[in-house]
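This is the structure I want to talk about, given as structure tokens.
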Amino acid sequence: MKLNPAIVGFIKKELTQALRDPRLATLIFLVPVIQLTIFGLAISSEVKNISLTVVSRPGDYLARRIEERAVASGWFSAVRIDSPAAQDYATLLREKRTEAVVAVAPEGLRRALERGNAKIQLLIDAANASRARQVEAYVKNVIARALADNSQAPPLPPVKLDLRVLYNPSLESAIFLVPGIMAMILCIITVIVTSMAIARERETGTFETLISAPVSTGEILAGKTVPYILLGLAEIPIIIAAAVTLFGVPLRGSLFQLAGAGFVFVSTTVMVGVLISTFAQNQQQAMMGGFIFLFPALLLSGVMFPVENIPAGWRLLAYLNPLMYFAKLLRNIMLKGGDWGVFWTNIGALCAIGAAIAAVSAARFKTRLN
Amino acid sequence: MSADVAVNVENLTIAFGAFKAVDDISFCVEAGEIFGFLGANGAGKTTCIRAICGLLSPTAGKITVAGRNVADDLMAIKTLVGYMSQRFTLYPDLTVRENIAFAGALRKMPARRILARSKELFRFTGFSYPQDTLVQNLSGGVKQEVALCASLLHDPAIIFLDEPTAGVSPASRARFWNLIKQLSAAGKTVFVTTHYMDEAEQCGRVSLMQTGRIAALDTPQNLKAANFPHPLYEISPSPAAESDFAAALAASGAGPVRPWGLRYHLEEQNADLWRKFSAERAGQFSQRRIAPTLEDVFLKLVGGGAA
Amino acid sequence: MNFNAARALAIALKEVRHILRDPFTLALGLGLPLLLLLMFGFIIDLNYGDIGLKVQDQDHTRLSREFARTFSSSGYFRLEPFSSEIAPVSWLDSEKASGVLVIKENFGRHIKSGRQGEAQLLLDGADNSKTGVVLSYLAGIMDAANRKFAQTPPRNSPEIRTRFLFNQELSSRWFIVPALATVIIGLLGVLLTAMTVAREWENGSMELLLSTPVRPLEIVAGKLLPYFALSLTGTVTVYLAARLVFGVPFNGSRIVYWTACSVFITAALAQGLLISVVARQQRLAMQLSMISGLLPAFLLSGFIFPVESMPVFFRYFTMILSPRWFMEISRGVFLKGAGFMELARPLSALLAINTVLITLAVKKFKTDIEP
């Protein structure tokens, strides 16, 4: 097979331009690994480090035990406050000095329990509603255990639930998040680099030289996309290697599935970049176009919150989002070993979206000035 | 159509919305000549060249290049012509060699041919810098020489140069025009736009452009001869000149007067009235018979504001 | 350093003309924040319901059915029973369910006889977004189930009354909308300035500006001022949308809020300015602002993933991010009615970030001019 010399020329030229500037090369290859590391280490969807204040009379050992239990569980850190009686709990929470306050009856928890009308007040900062709900469950659990320690024969709960989190039994947040973040990073880089590369030619006038040569629209399009698809593909092994070595994210699926999914996704996002550039007169507009695409794409990727939870009408947007399919594919391939049914459905959806975007881009891509 | 017509334009109109950048013009460029477009910015020079090279679709009219219709045979025409646009069209972050290689690749030239041609062209232009220099580190004049090499790489028969010497030092301009003349001597057709009068003088034929129309088209000699049948004088007012000198000169009836810096150019259409004025204002000015330049023609036909 | 306000203003006016002539930027600065807020305010709902839960009931007794019903009556789960021939894990492998509940044989008999009834819940650990949520619901559901099945009510159990402060209805929208405003405004501020200034470098008009006797600080101030006004206008529309469309309560003081907004916008613009001074070309400026802006604002600022849950190092690391602080202020003012005193820490942090960013930008600027 003889390669089209114009496209080969494009590939050489685009890659030279992208990789010559060491700052840009760093941004394309090193920064994703750094970002992956930071996000993988930092983010956790678990609720941790809950600061808890137990307000009680001095010497109320049951209340003390609640606090000890809480700290021992690893989820809480205790915040002691001076002269608790005089404190306005709401202010404590408002100042973020503590996140939850457990206030027991003034006469002491033990005596109240004996009299059978023990009341415990639990105040939780509910600005973050889902966290607040979890905090409530944890605190209640801790109180129950602390009091169970006290009673002679702690009764077993009637139902024994064996909870298993498959694919990530130790609930490591890196394993949860890294595949999703990989998809996000790949998406950002390919879309931006491609749209900017075309907008730059238009802005600086080199586009005129391109179209004055006897090359077809198809050749220009291929010439401007193939190098960036290659660049995106080169990035995949780097971030996969980082994910596997740094975070121990398993790679249970086949490399064929991974390569296939990567290729289809990168081609799609590169076409998104082309589409954006057909709307942009200059790089600034291309960037804004990139932002308008990336903002919803990241939010609706299913990495930050489940797509199923989006109101029905809006959910359609998520189903048009290539990033959502790729994030699902990466998770399925890396963590679950790649179910073929899942693979083909999502690849099919990605292909359909990619083809539609490519068709619109090609129709809009003008090899004439106006 | 005869084979020695390189470009033929008939009733070409290019409109952007209501604005007509090119307004119903027709002309013909013969093979092997240096054809110049002279005009101010916005006169429609670049738009017209872009349409001829097939970068813009004309609103109306017919363009043929080397006997082929631009609308039907775009790819064939693009292989025949070389185009160097007004804006800087090399990639500043690539080296000279990489820019040339890409220009060749766009025209699907084999690597060996690119190498041979670029050697030849660098010898021709006298380009002597290392080819691994980044284009952004070259001076304006040298950049334009490299751009010329890039547009000549595929040995086009017709070359379009859109303001090739804009923003380039006078010495570089002279060198560049030397190259243009050599190209023409080698049988190439060169279509060049400029707003420098001295450059236009060196063209075989010049078209004076004004707001999308052709004000005049002929050889520089014919343009001057046709527009200045009468003697032309340069009038230099002396320090003793009265304040109404200019107004009096214009009102003398001797002929049209055009300001020329601090001096005036007078077309002597009525020798008697001129003699009368000279006598009245003796001592207030000196005069010199001069040969008209293209600039005189341009000012006469198009008016001020150019160049 | 003497600072000439007139010269800074002249640059600002020039920039305003640029913006007014570029309807694209104008639309982005004003319309986009509102559009994004409206869209995502409706879209993002962290109170999940309707999570598909496959149920395999191997027991088929009244108690087992009642146990399953505890899940559905919580309002969070939609139960989808399936027969025992299918391996439970296959639902997760093929992404057809987020969780599978298996109720073991003899569930009901064991409970009646005072032993423990056994059940198993399999969750999809590949999907962090759902697993975390399901786990958070689980404690409450199991608590309810155990209470229901307990033969004797446990003695000595205190009555725990929970009060959710600042957001009694536990609306996640109240949590998301003020934060979403932060993310949008901050990002646009960074992007707009980074690109505009980088563009001036790229097309050489910055050199022109520098050849005049204008001081770097005047250029910086002149460049920031119009975008500041643009961003602030965008903020007003976002604020109105949060109040009128989403009905987020505003419990704090408007003076505190708008002061904080101004400081935050300045920080975003200063970040963009620093990027553009360092990058000097648009391509690089864009990459840098996306990398330092987009993902950190989404993932590290506490927008969805709480800063409190991060490891110690990152709780400090995120302090260099201005969105993290404004997020705290925005939620504090809207929901908690926090005032200057309560917000002293985030406010002074924002001011410090501002100082550092602007100093760095001006310094870099100066060294670039002096050969």
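Which chain is which? They are A, B and C, in the order written, and residues in each are numbered from 1.
We take it that contacts are C-beta pairs under 8 Å (C-beta built on N, C-alpha and C of every residue); 3 or more make two chains touch, one makes a residue touch a chain.
The shown structure was predicted, so the numbers you read here are calculated from the model rather than taken from an experiment.
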| item | value |
| --- | --- |
| Chain pair showing more contacts of the two, A-C and A-B | A-C |
| From subunit A, the most remote chain by mean C-alpha position | B |
| Whole-Å gap between the CA centroids of subunit A and subunit B | 59 |
| Distance from the mean Cα position of subunit C to that of subunit A, given in whole angstrom | 12 |
| Where subunit B touches two or more other chains at once, by residue number | none |
| Residues of subunit A engaged with two or more neighbouring chains | 21 |
| Contact set on subunit A toward subunit C in their complex | 21, 23-24, 27-28, 31, 35, 38-39, 41-51, 90-91, 93-96, 99, 109, 112-113, 116-134, 136-138, 140-141, 143-144, 147, 150-151, 155-169, 171, 173, 175-177, 179-181, 184-185, 188-189, 192-193, 196-197, 200, 282-285, 287-288, 290-292, 294-296, 298-300, 302-306, 308-311, 314, 317, 328, 331-332, 335-337, 339, 341-342 |
| Sites on subunit B touched by subunit A in the complex | 16, 50, 53-57, 75-76, 78-79, 81, 83, 85, 87-91, 93-94, 98, 101-110, 150 |
| In the complex, subunit C residues that touch subunit A | 24-25, 28, 32, 36, 39-40, 42-52, 67, 89, 92-95, 98, 111, 116-133, 135-140, 142-143, 145-146, 149-151, 154-168, 170-172, 174-175, 184, 187-188, 191, 195-196, 199, 279, 282-284, 286-288, 290-291, 294-295, 298-300, 304-306, 308-311, 313-315, 317-318, 328, 331-332, 335-338, 342 |
| Contacting residues of subunit A [partner subunit B, same complex] | 4-6, 8-10, 12-13, 16-17, 20-21, 204-206, 208-216, 368-370 |
